[in-house]
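In what follows, chain A forms one complex with chain B and a second complex with chain C.
Now for the complex of A and B:
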């Protein structure tokens, strides 16, 4: 079991000694038992850190946001940022390291192991509790999840309440860290690509229908993009609003900006957005599942990522975020790479 | 202001006009927005065609020209030159390929015409954003690096040095001369190999324009055509060539004996040795691998006896940097490895020799002073079997290619054997006789007819020893019978393999190798001495198996190619290179990894393009997730606008 007191103690020590400029971790939320991500800068607040199945957020995102914030400052605090990382968060950090977006010295990683459990899916909990508010959600024995509702203690099997991404997860403990809490329990999910395989068994027509129904619901709120730690580009091809315009940008350069897609959430434009997003995550997505979690329309965004993840594994034996020193998938070529698609 | 664009549609006889209605293409284009003028003509590349373009540029004051014709590979430079002569920037002239990409691959005239119109319109959209670029000027270092000091390297060095170009010649062995200096006599005229090579060796070593590095290896080559920097590792010889008087005292006291490479192990040599009497530079070399240790306590006998104090145990490896403008690879060959020829007992029986070992037996300066004697018992072999294609032309088990020289040298070996052993019998097993050279056919015929060498068409299945004889089992496919010869000696015409260092060198020079490991030429017919890397040339067997006359010719060819680069005051490089948008670059370095020309590097967390190394291939632009890098005149916007035309309008 992860002893949160150890995490708190280390966080406190790092802040007291001034080794880090802040600690990104989880603290209790304002409503119900749901944790929220928080940047702690005062040592005494380290006591607030929590670790429970509601710590759903990928905190690597805050490393990205902080890095961008720093770039804007004239005299930024150069001390590293401490971050609590789960298995998936740590893999996201690895991709950021691999892509040289951050250097290893810029972060102190407080690795927490999900052990034989994971984080919960809020929708599943809400459904099981028939809308009642959970007072507290914590890890039980053998990966079970304990939910306290109206002072009543209910125990759920992980299969019932864990997020799909955790049920399919093979990296349930951090792969890169400075401090490690909990146990490294190897987990082998029975069918990590079951949903992809199910969809692939459909006819082309049925698949098109499935995706059209999914894409038609998209509001293009870009929550999935905002929550993704890999979507850190200064300018996004799908979003003409975020053009990187600098004081030196000439009128001609502005005129040359390409509007790749329309803003309106039409089916065709939604397709372009989601496909471009998925392709840009090929070999980079660590399946933290945040995109799907934040989607207000419940679109199966993970499924697209999962498909590309499996292709990378099948064709190139490549798993994103396991090695920060490895060259990235799409920038390497080997003579043994399959090329039977060329005809 | 919008550019005034002219469109010129070529019929190419019926090559294009047969499938594409060129009149309609010109008419449609004349109505396309921004087109000032559009016309068709039967052969745009002809003089009248080019003149028409020139006239119209001046008459209509065009600032962009699209020629709809064949592939830009063929006539882009023709039309750009024409546009330039009319006062237009050559990069304001573009080709729309409506032949290879349209008329030649379609049959339906209506659809092909529609496609030709779209292709041309796409290029019109592209040219609107074209920048007026200027070629990049690159200074030239008037020196050449030649890697390999065999006949190919020596000949290239001499041809270059005599053209007043400074040459840096690097040889990995203690002496220059390569394999040719090991040979006895050369086909088809039987002149003594050493006698014809040593004058060239002397000339190259004394030439004021040649800087010779023996016992040295090229470690690193960076830069680009006209401006390479080479790092050369000079291994310590532990003998000062200037002091060494070649008295041989050191060698006589040296207690270590190792196989002599020059005689391919048929004799031994000491740890301190001279490879052969005419070695250049004329000095002894201490082989540190064989020496018990360069310390007076370890042995030091050579140091004790050396009167001129030429032996210096304190010599260190030295890395020398040389700047050159071009590189010639002349690394030659190695024989196919012994271990691959177990079925012929090669490496197992002492009297099974390879071609080069037999050359040493024949050589007047060889281990037997020119007498043919069996290595095992020093008896004269009365029955000798030559096996051709040992490891060549055997795609299943060995090398698929023909080693080219074996037919001829086997005929020579058999002939010379008969000259030495009048009462002996020589047999040659062959697949075909390939004697395609001046005087070659006659030479082989003389071996058969005048010398009575018995040629047997067929392969040998096995060679084994029985009662002191080498039993050769083969088949005569012409007579259709199995053959058993009880021979005293067997000589294998071993296949030629690229030199052992070729792969490493190919990597450091970024030069391609073919599937057999030889250096790949840029074009098999029209550019046989050039590699695909600008400024790197090939000479001799490094490129493919060949004999001495062909090697010398190719060396001369490589030399003139080097001269054609180094004789220019500066080189021009295409300005169609990649450009980084630094505000979008996140410094992930993926472009650095994918660039096949190593033209991109990271500086202060941003990508930076070396424009001279960049070939404008666009791999970086396709890889960058942030669209932060693009190729000039093929920008994202241009590609987007072209796609817009092809797909029916996006903007």
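Now for the complex of A and C:
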């Protein structure tokens, strides 16, 4: 079991000694005991850190955010940022290292193991509790999840309450870290691609119908993109900010700006948005599943990424985020790469 | 006007409203949305609150304003496009959502009438459903001028009092709907009135979330433009549009031209949802952005609701539906923030 007191102590020490400019970790949120991501800068606040099954967020995102923030500052604090990382978070860090978005010395990684459990799916919990508010959610024995409702202790099997991404995960402990908490317990998910395979078994028409129904619901709030640590482009094609418009830019030049996508949440545009995102994540997505968790419309976004993940595995024996030194999938060519799709 | 409608008669009454497009809460995956229905035998017992609020009916996420075309010889041609003439009845509207549309009317009807909004609003009949028990853990309408039995913005309010609905007919539009199925409505007796009142009282005691003295927040916020709370609280903000798109009162939009053909020029001018949380929202064409980061955008959202709107229209632009609290993927909690800024006073 991860001893949170050890994490707190290390975080406190790092802050006291001025080794890091801050610690990004989980602290209790305001409503119903769900953890929130938080930047701790004062050593005494390290006591607030928590590690429980509500620590759903991928904190690698905040490494990206802080890096961008620093780029704007004239005299940024050059000390590293400490971050609590789960298995999936650490794989995202690996991709950031691999793509040279960050350097290893910019982060101090406090690795926490999910052991034989994972994080919970809020929708599943809400459903099981019939809308009642959970007071506390913590790890129990053997991967079980303990939920306290109205001071009554209820124990759930991981299969009932864990997020799908955790049930299908085989990287339940960090692959890159400076400090490690908990145990490395090997886990082999029974069928990591069961949902992809189920969808693939449908006819083309049925698959089209499935995706049309999913995409039609998209509100284009961009929460899936915004939460993704791999979506770090300075400018996204869906809402460009650097129009590079100078006072001397003529109206004609402005008009010539390429518009890749309409702002309207029409079916065609929603498809463009999600497919562009999926393609850009091929060989990069670490399946932290945050995109699907944050979607207010419950769109099966993960399924798209999972499909590409499986293609990368099947065709190139490639798994994203396992090795920061490996060449990245889409920038590499090997003579042994399959080419039977060319004829 | 007060009436009684047996629950078993709801479907029969709705059957008389065939001239209207009827919308009701239906379950999609694990959440509720207003969708068009061809019949409505009952309002679902487990119905809580729809995901996308009623505002989508009066302020759809895409409104075509006009078509344009460059007729080479005849010059440019513009053809106005107005919302379809179709009267719409929405059932099961919660007080917060109905108040949301009422507040939007202050902007889109009263101060500078917007022809698209007005037409949609005039065609809309709101049949509310009072909240007992409360639909969500994060409801706080009572502290922002609403309530679980609020009637503002509604034409009819239905209150569940067991096997029947206590019906409050609030406007001529509401009367029109009731008249179409007059045979199903009876007069309420004292017991019915007491049942309704008892439930309202109980509902008011069920809130576990409250903004303390919300009406005084404008005065406090006035001094907090540079406060560090915005930075602390926005650290985890994703800059997504969930809080504003699902807000019953957020109404910011963008205008865009959608081209069907560049030469000869032909296309549509549309109005689409936009949000202060997006980086390009306040981007000036000069390249300057007055709300350049997530902390200034979080501040903007809260200030707009609890200070700027209060200054302009004398009301808080939040109806306490709790969606932004429940749906925020990183737990940003407007109620908590506003209660904390109390202590900053002075």
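The definition used in the following text is that the second predicted complex is superposed on the first by the 326 of 343 C-alpha atoms of A that agree within 3 Å, B and C clash if a C-alpha of one lies under 4 Å from a C-alpha of the other, contacts with A are read in each partner's own complex, and residues count from 1 in each chain.
FYI, a residue touches a chain if its C-beta (ideal position, glycine included) is under 8 Å from a C-beta of that chain, and two chains touch if they have at least 3 such contacts.
Everything numeric here is computed off the predicted structure, so don't read it as measured data.
J.: Assess the superposed three-chain arrangement around chain A: do chain B and chain C clash, or do they fit?
T.: With chain A as the common anchor, chain B and chain C both fit in the superposed model.
J.: Which partner chains sit in contact with A:233 here, chain B, chain C, both or neither? Use first/second/both/neither.
T.: first
J.: Could you figure out whether chain B or chain C reaches more residues of chain A?
T.: The partner that reaches more residues of chain A in the superposed model: C.
J.: Contacts for A:198 in the overlay, against chain B (first) and chain C (second): which applies, first, second, both or neither?
T.: After superposition on chain A, A:198 lies in contact with neither partner.
J.: Touch check for A:19: first (chain B), second (chain C), both, or neither?
T.: It touches nothing on chain B or chain C.
J.: Could you look at A:131 and tell me whether it touches chain B, chain C, both or neither (first, second, both, neither)?
T.: A:131 sits against chain C, while chain B stays out of touch.
J.: What is the value, to the nearest 10 degrees, of the angle subtended at the Cα centroid of chain A by the Cα centroids of chain B and chain C?
T.: 130
J.: Go through the superposed model and pick first if A:154 touches only chain B, second if only chain C, both, or neither.
T.: Touch partners of A:154: none, neither chain B nor chain C.
J.: According to the stated criteria, A:298 is in contact with first (chain B), second (chain C), both, or neither; which is it?
T.: The answer is second: A:298 touches chain C but not chain B.
J.: With the two structures placed on a shared chain A, what shortest C-alpha distance in Å links chain B and chain C?
T.: Here the least C-alpha separation of chain B and chain C stands at 5 Å.
J.: On chain A, what residues does chain B touch that chain C touches as well?
T.: 244, 246
J.: Okay, in this complex, where on chain B does chain A touch?
T.: Residues 129, 583-584, 586-591, 593-594, 602, 605, 623, 625-627, 635-637, 640, 651.
J.: Which stretch or stretches of chain A touch chain C in the complex?
T.: 29-32, 34-39, 57, 61-62, 69, 123, 126-127, 131, 133, 217, 219-223, 225-227, 239-241, 243-247, 254, 262-266, 290, 293-294, 296-298
J.: Can you check the complex and tell me which residues of chain A touch chain B?
T.: Residues of chain A touching chain B: 99-101, 232-235, 237, 244, 246, 249, 256, 258-260, 280, 327-328, 330-333.
J.: Applying the document's contact rule, which stretches of chain C touch chain A when the two form their complex?
T.: Spelled out, the residues of chain C in touch with chain A are 28-31, 48, 51-52, 61-62, 137-138, 235-236, 238-242, 245-246, 254, 256, 258, 270, 272-275, 278-280, 283, 285-287, 289, 293, 325-327, 329-331, 333, 335-336.
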